[in-house]
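What follows is chain A paired twice: with chain B in the first complex and chain C in the second.
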Partner chain A sequence: MASTLILLVIGLSWLGALLVWWVGDKRSALQHALAIFFSVASGAASIALIFNASSSTVINLDAGGVFGQFTFVADGLGVYLAAIATVIGSLAVIFSVNYMHGEKGLGRYYAMVLFFIGGMAGLVLTSNLLLMFLFWEITALCSYALIAFHNDDPKAVAGGIKALIITQLGGIGLLAGALILYSQTGSYDFNQMIANPGIINPRLLSGMAFGCLIAAAAKSAQFPFFTWLPDAMEAPTPISALIHAATMVNAGVYLLARFYPAFEAVPGWKISVILVGMISAFISAIMALFANDLKRVLAYSTISQLGYMVFAIGCGGIYASQFHLLSHSVFKALLFLGAGAIIHSVGTRDMREMGGLGKKMPFTRFVFIIGALALAGIPILNGFWSKELVLEAGLTGGPVWAYAIMLITAGLTAFYTFRMVWMVFYGKPSEKHIHDAQPAMKVALAPLALGAVVAWLLAGPFASLLQSTLPAHNIHPASTMEVIVEVIKAPATYVALAVVALGLVSWWQRENLAGVSKAFKWLGTIAENSFGFEAVNKFIVRETQATAEELRDTQTGLLNWNIAGLLIGLIAVIIILVMGG
Partner chain B sequence: MTANTALIWLLAIPFGSAPIIYLAGRITEKLSPKTGSAPSRWLSVLALAGTLVPLYYTIMHFTSEGAINLNVNMISLKFDGISMLVTVTALVLGLCVTFFSTKYMQGDDGEEKFFALLPIMIGSIIGLVCATDLFNLWVWFEAMAISSYILVAFYRDQADAIEAGVKYLVQSAAGSALILLGIALVFAQTGLLNLEQLRISVVNSEPSPLLLAASVLMLIGFGVKAALVPLHTWLPDAHSQAPSGISAMLSGIVIEAGLVALLRTAGILIYSNTTWGYLIMGFGALNLFVGNLMALRQTQVKRLLAYSSVSQVGYILIGIGVSIYSLQPTGAAGGFFHIITHALMKGLAFLAAGALLYALRLSHHNHEPLQVSDLDGASKRYPLTAFALSLALLALGGLPPLAGFMSKWQIFVAGFEAGSGLTIAMVIFAALNSVLSLAYYTPMINRMYRHEPSEQVKAGTTISWKMALPLVILIIVIVVLGFWPPLVRWMVNPAAYSLLSIFTSVLIR
Partner chain C sequence: MTNIPMIIMLAVLGLVGVGFYALLATRNLIKVIIALQILVKGGLLAMVLAGRIQGQVMVGQSMALTAIVADTIVAVVGLALAVQVRKHHGTIDLKQLTKLKR
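Presenting the complex of A and B:
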């Protein structure tokens, strides 16, 4: 049963991709319909898969030789992420019916979206590290193609290529990990390694651990590889919601969570993970404070929340990190799709040109505020419960200074979230022509808003799903009630709530705090320049191009020099061989 | 059909059909100038398709009985794993190219010569990889080279094409001179020319400076053809000025045939597999570095693809170098797998670019090279061709689920299996270069999918089905291999073992 469902989840999406492309752009209504049908079908299959989860290998294709066995497992970690990818994927597709109405190149758009959904599901459901890397690269390809969807816009093209190159560079870490696994064990099956990390030579295991950390940091836009995500906001907003908030960027967090039992004992690894998560969360929250582009604020916020998840893993809180991943996917997709409705209506992404939109867009304001409350970590929304669990994991499993920074970041999160809501929906009304979210958009937004309010009730079943299918991960099962009680009883919760309240009050009293904000103006400049990391990117690109330009002199175009090259080669090889023996 | 008969027909059909193709073309052109050389076009397609029949029998015999040995007077041939792989690749690519060229070269002055020379070149390649002694190998090699010189300089009215042809000719001839010198040294030292006997002789005797010099001369001499850096400088000109089908053949199989010749000859003369392993890996790294950086700055499509070929040879060299170094077959298997996938991917890229070149320039009798900026908005008017070119470029960049990912993967596995710091560093370096290559492949793809077409695209003519069909076939093969690489295992493994048997028998004393 599980094997059929896995094939359906991936296969239906990919079949849909092929059909949408085949049908052709002239029949756009059919394309919309096909896309919705296949993404929803895939979503249904993945939900059914949740009820068939187990820790055993359900598909096994022998590709032989260096390609190993193509295996798939439907365990808790995989099925819930596959469900997120397909369900939020179908909501994004439904949203696109209105958002992408009348756009040219719809076939390419939907084909890439569906190809991505299937690829993401495959990434989390496979237990073969070669296949995981293969799906990893497929998602990178789709992400690039969709960011650069508007090929006539140089910013979009540049954003897409940048995202591709940065995530691919990080991917080399995962490549090295897969190759180490194969050369040490003769197989790509990582479950045997996770159950027993001792089968790998410690130095190579360390290489694998840090390689995977680099790959995860690049994919999840963490420090120091985060610069691609804000530029990826050139993508159509449903893509930002699906790929760059709810699914692909989670792949890095998934990788770290999956391999945690194998890597936790590697010296220096856990603290590195904590540092990566903490620094990402903190500096991106600062960058969000100063950003004026609505999607950029959400992008920085995504980096920040992913930082929380990574931090939780470093502290050993696997369940907390995955629960926060689940909450974040729901409320961030909600926020992005809401932003999409706003941008589609207002025609700009600059928040300074928005304002007072609440009157004309009541539905959008309502769902957006739900998402914002969840992001800020206000009870009783899902973001509150999961963030508290993360912070608790940090308090018990990590150094106290890291916990303090994450706590401060929670306050900053509240601050920038309310700044964002205020600038968009309140304040001085914008002059633009406004209309509320269109029907298909509402259909996509409503379930997400509902999810943000009630999805946390699944905490208990989620914990037992993870615990029963992931024997190596030491998840402690707890019912939803136990989770609630744990959070309510922990003093850390109230500390966090106090900080959040401080953040809210600071925004509310911002005029009185004008002196403080002036003192931090210098921080704004640094934040706008991505803390210098953008300069690093530009430096690398410039130097590579300059070196390439210098190298052109070797292609002289003169035959005498070409033959000289032959002789130089000859002499060099003779010298090498004579010396080498 | 017996094994020997099949092998004879395998060589006889391409060579025998060439004069018929030429004559048929000349006669019909004289008799009815309207249809032009139509018979020569279709005869050459038929000849190559016909060669598939003896190939099938040869492969059947090989897989059941092992290597096929054939001796006809002075010519002795041996069909082993390497021969099989190169022959299959050459014929498949050659068929696609010839079919493509029936439209591409239609109406060109001297096209009957083109269609006669293509089978000769393919036949020479088959002979080259089946040769068993140094002299015959060199003769087949020269036959391949001479037919390719003419094909490269085919547009004899274009100054750039002639310049490219002359540079290619002179450099290749310099390489051939070095090869001959090397053969002379080998003969002087051992009195032998047969590769098997030479192997035995080298194994049983002390290292000799003459043989060392000979091995270097072979390496450099054949290395010119195999586009090793710094011997590659003829390549960007030749591959960009040649008719697109020839560019595809050159990049796809001719340089690889040069590499095979290099391995067969220098391979029997080496003494230290670690030094030679380092040497080949070093050349591989150099190729990757130079090829990728030079491609980054190109604004002409075919020149960019030519530099890309230089860098792709780097992957093959690294795979083979790791194999020589570690005496494990995985690297060689990866290298040979990459020869297959590169032939398909680069073939598709050059044919798709050629189709666009034809539609945008050649059909207007304009021999200006195709610029990257001409590709703007091409997907609107030429959806299949733009898709084909995009797919080829993504495959060359090593993105799944396309064939290039799988062949590079096999090479990378070999580097880690060998386990030394150097081989692992090579793999990381190669992976970094893969990412770098995306920096020059992706902008072209983005340009093609713009909504605003360039002036050239607006004024372009349609692309005929004769050019589109080979593109579709290659696309399908690249995607299928990307999903299920074991499909070519029957070719790749025997080739890897054949290669390793050359090196290991020399070193096991």
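Presenting the complex of A and C:
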């Protein structure tokens, strides 16, 4: 049963991708319909898969030779991430019906989206590290292709290439991990290593642990690789919601959570994870304070929230991090799709040109504010419960200073969230002709808004799902009621709420605090330059290009020289063979 | 004295040597193709020889036959390209054909 469902989840999306492409751009109505049908069907299969979760291998394809067995496991961590990828994927596809209406190249768009959904589901369901690497690269490829979807816009193309290069850099870390695993155990199956990390030489294990950390940091846009995510905002907005908020960027968090039992004991690994998460969360929250592009604010807040998840993993709070991942996927997809509706209607991403949209877009305002409140961590919305769990994990499992910085970040989150809502929906109305979200957009936004309000009720079943199928992760089962009581009883909750409230009050009192904001002007200048990381990026790019120019002289283009080089190589090989033989 | 494998081996080395020398020395595109042909003939002989030494005469010979077919196509396409290059650029001197560089 589970094996059929896994094949359906991946296969249906990929079949859909082929069909949409094959139908051709002349029949765009059919393309929309096919894309919706296949993404929704794949979503349904993945929801059914949740009820068939188990910790045993359910598919075992013999790939032959060094590839070993291509295995798939439907355990708790995998099935719920696959469900997020396919369900939010289908909502993004539904949203696209209005958003992408009349665009050129719909076949390419939908084919890539569906290819991505299948690849993401495969990434989280496989237990073969090499196969995981392949799926990992498939998602990176789709991300690149979709960021650069408007391929006549040089900014979009540059953003796509940047994302591709940085995530490839991380992919090398994952590939190194896969090769170490193979050299030590003779197979790519990582479940035996998670159950018993002792089978790997401690030094190689630590190499693998930090390789995976680099891979995760690059994929999840964490410090110091976060610069690609803001530039990825050139993508069509449903893509930002699906790939750059709800699914692909979670792959890094998933990787860390998956391997946590194996890497837990590696010296220095946990504190590195905490530091990566903390620095990312803090500095990207500051950058979000000063950004004026609506999608960039959301991108920075995505980095910041992913930082929370990474931080929780470093503190040992696997459940807290995965629960926050679930909440974040829902409310951030909601915010991005809401932003998509706004941008589609206003025609600009600059928040300074919006203002006063609330009256003209009541539905969008309603759902967007729900998402914003969840992001800020206001009680009873899903972001509140999961963020409190993350902070609690930080208090019990991590150093106090890291906890303090995460608390400050929670206050900053509330502050920039309210700044964003205010700049978009309130203030002086603009004169433009504005329309509210269109029907298909509403169909996509409504379930997400509902999810942001009620998804935390799944806390209990979610915990028992993880606990029953992940024996190595040491997760305590707790019912929803117990989670609620735990959060309400913890003093940390009230500290966090006070900080969040402080963030809100300081936005309210921003006129009176003008002196303070003037004092922080220098911070704004630094933040707008992304703390110098853009400069580092540019330096690396410049140096690489300069080196390439230098090396160009070795390429004479003359056949005789090339033959000479070939001959020298051949002679070297023969000499080595003779000496070795 | 009449050691057949040794003679073939010398022939292989001779053909490959002539082929490589010609590739190193010539600047004429036609001569490059001829040099490649000589080089490949050496390779074919080597295949037959290797088959004989390993005791798998059939394998060596059939590989050589396959390579002859492929090699003929390479020669024909190469010559056709040379004709086109001559038409477009007015020369088949390799030194003047370094446009691929930039």
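Basically, the second predicted complex is superposed on the first by the 554 of 581 C-alpha atoms of A that agree within 3 Å, B and C clash if a C-alpha of one lies under 4 Å from a C-alpha of the other, contacts with A are read in each partner's own complex, and residues count from 1 in each chain.
The rule we apply is simple: a contact is a pair of C-beta atoms (placed from the backbone, for glycine too) under 8 Å apart; a residue touches a chain by one contact, two chains touch by 3 or more.
This structure is a prediction, so every number in the text was calculated from the model and none was measured.
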Partner chain in contact with A:Leu141 - chain B first, chain C second, else both or neither: first
Which of chain B and chain C A:Gln555 touches, first, second, both or neither: both
Residues of chain A touched, compared between chain B and chain C (which is higher): B
Chain B versus chain C as contact partner of A:Ile180, first or second or both or neither: first
Contacts of A:Val400 with chain B and chain C, given as first, second, both or neither: neither
Which of chain B and chain C A:Gly580 touches, first, second, both or neither: first
Touched partner set for A:Ala29, first chain B, second chain C, both or neither: neither
Which of chain B and chain C A:Ile563 touches, first, second, both or neither: both
Chain A positions touched by chain B in one structure and by chain C in the second: 555-556, 559, 563
Touch list for chain B against partner chain A, complex: 166-167, 170-171, 174-175, 178, 212-213, 215-217, 219-220, 223-224, 228, 230-231, 233-234, 236, 271-272, 274-275, 278-279, 290, 293-294, 296-297, 330, 333-334, 394, 399-401, 405-406, 409-410, 412-417, 419, 427-428, 431-432, 434-436, 438-439, 442-443, 446-447, 449-452, 484-486, 489, 493
Chain A residues touching chain C - in the complex, by the definition given at the top: 555-560, 563-564, 567
Of all residues in chain C, those that touch chain A in their complex: 20, 23-27, 32, 94-95, 98-101
Partner chain B, residues of chain A touching it in the complex: 63-67, 104-105, 108, 130, 134-135, 137-138, 140-141, 144, 148, 151-152, 157, 160-161, 164-165, 168-169, 172, 175-176, 179-180, 182-183, 544-545, 547-549, 551-552, 554-556, 559, 561-563, 565-566, 568-570, 573-574, 576-578, 580-581
